[in-house]
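Chain naming follows the written order as A, B, C, D, E and F, and within any one chain the residues start at number 1.
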Amino acid sequence: MNKVQEFNEYREKMNGVILGKQNKVINRLFNLDTNTYAEGALPTRTKEMLGLVASMVLRCDDCIKYHLGKCHDEGIKTDEMYEIFAVANIVGGTIVIPHTRRAAEYWEELQEEAK
Amino acid sequence: MNKVQEFNEYREKMNGVILGKQNKVINRLFNLDTNTYAEGALPTRTKEMLGLVASMVLRCDDCIKYHLGKCHDEGIKTDEMYEIFAVANIVGGTIVIPHTRRAAEYWEELQEEAK
Amino acid sequence: MNKVQEFNEYREKMNGVILGKQNKVINRLFNLDTNTYAEGALPTRTKEMLGLVASMVLRCDDCIKYHLGKCHDEGIKTDEMYEIFAVANIVGGTIVIPHTRRAAEYWEELQEEAK
Amino acid sequence: MNKVQEFNEYREKMNGVILGKQNKVINRLFNLDTNTYAEGALPTRTKEMLGLVASMVLRCDDCIKYHLGKCHDEGIKTDEMYEIFAVANIVGGTIVIPHTRRAAEYWEELQEEAK
Amino acid sequence: MNKVQEFNEYREKMNGVILGKQNKVINRLFNLDTNTYAEGALPTRTKEMLGLVASMVLRCDDCIKYHLGKCHDEGIKTDEMYEIFAVANIVGGTIVIPHTRRAAEYWEELQEEAK
Amino acid sequence: MNKVQEFNEYREKMNGVILGKQNKVINRLFNLDTNTYAEGALPTRTKEMLGLVASMVLRCDDCIKYHLGKCHDEGIKTDEMYEIFAVANIVGGTIVIPHTRRAAEYWEELQEEAK
């Protein structure tokens, strides 16, 4: 099982556990999270880029993986992706580099899988 | 070996290495850390909840595990726990969700172990 | 005008500007934020302490002020408050001290105002 | 003097002091920072939005002001801006709200000034 | 009153308020904080540089001011200081720049005052 | 393969992937990162200590490993190293402890390897 599948399966399984507890605030936040990236004044494509760069500077590997998957679905190309990486590394500093290494690896896997 | 045992063993082993170096500041900080959660004007139970929510918004998985164990010892129930998770996710944002997934998994293991 | 009034007025004015733009995600998040601290499995009093400690370790002065006001309304006493400060400073480190100074000052003003 | 002018003047003055010290690493980083937002695979307009959302979740008021000014120059509209604010607040949590209040105030001033 | 005096007076006044509450954990942490920078295997001079760079990447303006004052007392020169600034800005990213501007201003005042 | 080799190999492999994409900003940032720690007004030895403490308070395990390796090359001794750990833990709080555990483990491996 590759990193993409592993991430998606764990995410789905644990989201099921969490949502199953019926905490109203958490369940509504998960719902609101989905709505945040819907088409609006800005297209989903742009919003997913925003979600990715935010996840990178906050250095959350799982959030990065999630938005990399979404950006891939939105047809973002590798040279565009590396410009997003550039913004994240300049704003957030070299502390973002290790996360960029893992992001680059995951991005390669997303490309492989799409073939 | 489950996640609870794995965490506790590594923690104990490495704390031994660190404390063995006899750095006065570090050893006193470790000691002070323990005192922080002692009964006082606020009960230990409340302080452990405070330690947990602080660890969640700062997104430190090992600190979360430690306080989950302590909260479990204090008899905190699952619906109370998910309200702590809710505060952490609202204050800290969706960036806390991946840590909540791992916290939820660890919490399930603590329940299992207690049976 | 003291710090308590100043904070509350600016907060109210700018919340009005923000909510007036009718961005659905933001307006729902503001609403969800209020619900997070409602009575539930845990009392509001405990949740406000959780909100405060989370704000302190994330070092957001305005969030600290907001929850200090709420904790004051909930009848939290000064020795309890300083135990919350203690958890925040131990978990978050001396980097939290300057925020604790401003929190202590605001807490004194809340006491003064209540006389 | 309004907040826009105040920010720009202080920024310009202190950048002068810093760059005048001729520290090679700092001076090259300032230069690289400018290049990061140049037209490329992604347009400047998108990159400025990325810079803004990154600044918001990292909660740097001055960085937010800088990118708000640039986004204004790029012709970003208020409903688009609030969708950027929404992503920042959902990803970064309610801890971002006080920064959003100051961002909203600065955005209003940028609109005023443009009239 | 300049920024150096203003910082020192507020710090002293509020430390007095905090320590006066006799919270054992906080008072011991303040004491431990002082010991951290004492001469040891590493000289105070080096430790103050470490305290400064840590404060810069964590973006705490008051902590930065405190350590700038201490570094000044230790005889650190301006070209050395800007190399510390360089490490902080590279590791922490451009998000550190606004704090560097305020640090540079405070450093100038410390030089002025020493004349 | 031990942790030191594992870290170095992954780092080298993924840096190769990233640099190979020829994003000018990223490649220049990587280059600038190297220059930051060159001999200057401050010696490399001091700068590597600064890079380490900055990485610790920002809680980036891979950055910590990188600078631990460099500090080891610079001949920093264990009692000096633990004083750096002490500054990081006091400034950054107990949230840094889990990272200190992993740092202590890696430091032991660097010593072992050198025998």
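The working rule: a contact is a pair of C-beta atoms (placed from the backbone, for glycine too) under 8 Å apart; a residue touches a chain by one contact, two chains touch by 3 or more.
Small disclaimer: the values here were computed from a predicted structure and weren't measured.
> In contact with chain D and with chain E at once: which chains are those? Just list them.
Touching chain D as well as chain E, we find A, B, C, F.
> Between C-D, B-D or B-C, which repeats the contact pattern of D-E in over half of its pairs?
Duplicate interface of D-E: C-D.
> If I list every residue number at the interface of chain B and chain F, are over half of them used by both copies, so same, or under half, so different?
Different residues, largely: of all residue numbers at this interface, under half are found in both copies.
> On C-alpha atoms alone, could you tell me the rotation angle mapping chain B onto chain C? Nearest 5 degrees is fine.
My answer is 180 degrees for the C-alpha fit.
> Provide the C-alpha centroid distance between chain E and chain F, rounded to the nearest whole angstrom.
Chain centres of chain E and chain F, defined by C-alpha means, are spaced 23 Å apart.
> In whole angstrom, how far does the Cα centroid of chain C sit from the Cα centroid of chain F?
37
> Centroid of chain D to centroid of chain F, CA atoms only: how many Å?
One centre to the other, that is 31 Å.
> With centres defined as the mean C-alpha position, give me the chain A-chain F separation in Å.
27
> Counting only residues that touch at least 2 other chains, which ones in chain A make the list?
25, 29, 32-33, 36, 54-55, 57-58, 63, 79, 82-83, 86, 89-92, 94-95
> Show which residues of chain D lie in contact with chain F when the two form their complex.
Counting only chain D, the residues touching chain F are 24-25, 28-29, 32, 35-36.
> Under the touch definition given earlier, write down the residues of chain A that touch chain E in their complex.
57, 89-96
> Which residues of chain F touch chain B in the complex?
59, 78-79, 82-83, 85-86, 89-90, 94-95, 97-98, 100-102, 104-105, 108
> Which stretch or stretches of chain F touch chain E in the complex?
By the definition above, chain F touches chain E via 32-33, 36-37, 40-42, 46-47, 49-51, 53-58, 63, 77, 79-80, 82-84, 86-88, 90-92.
> Given the complex with chain B, which residues does chain A contribute to the contact?
For chain A paired with chain B, touching residues are 10-11, 14-15, 17-18, 21, 23, 25-26, 29-30, 33, 54-55, 58, 60-63.
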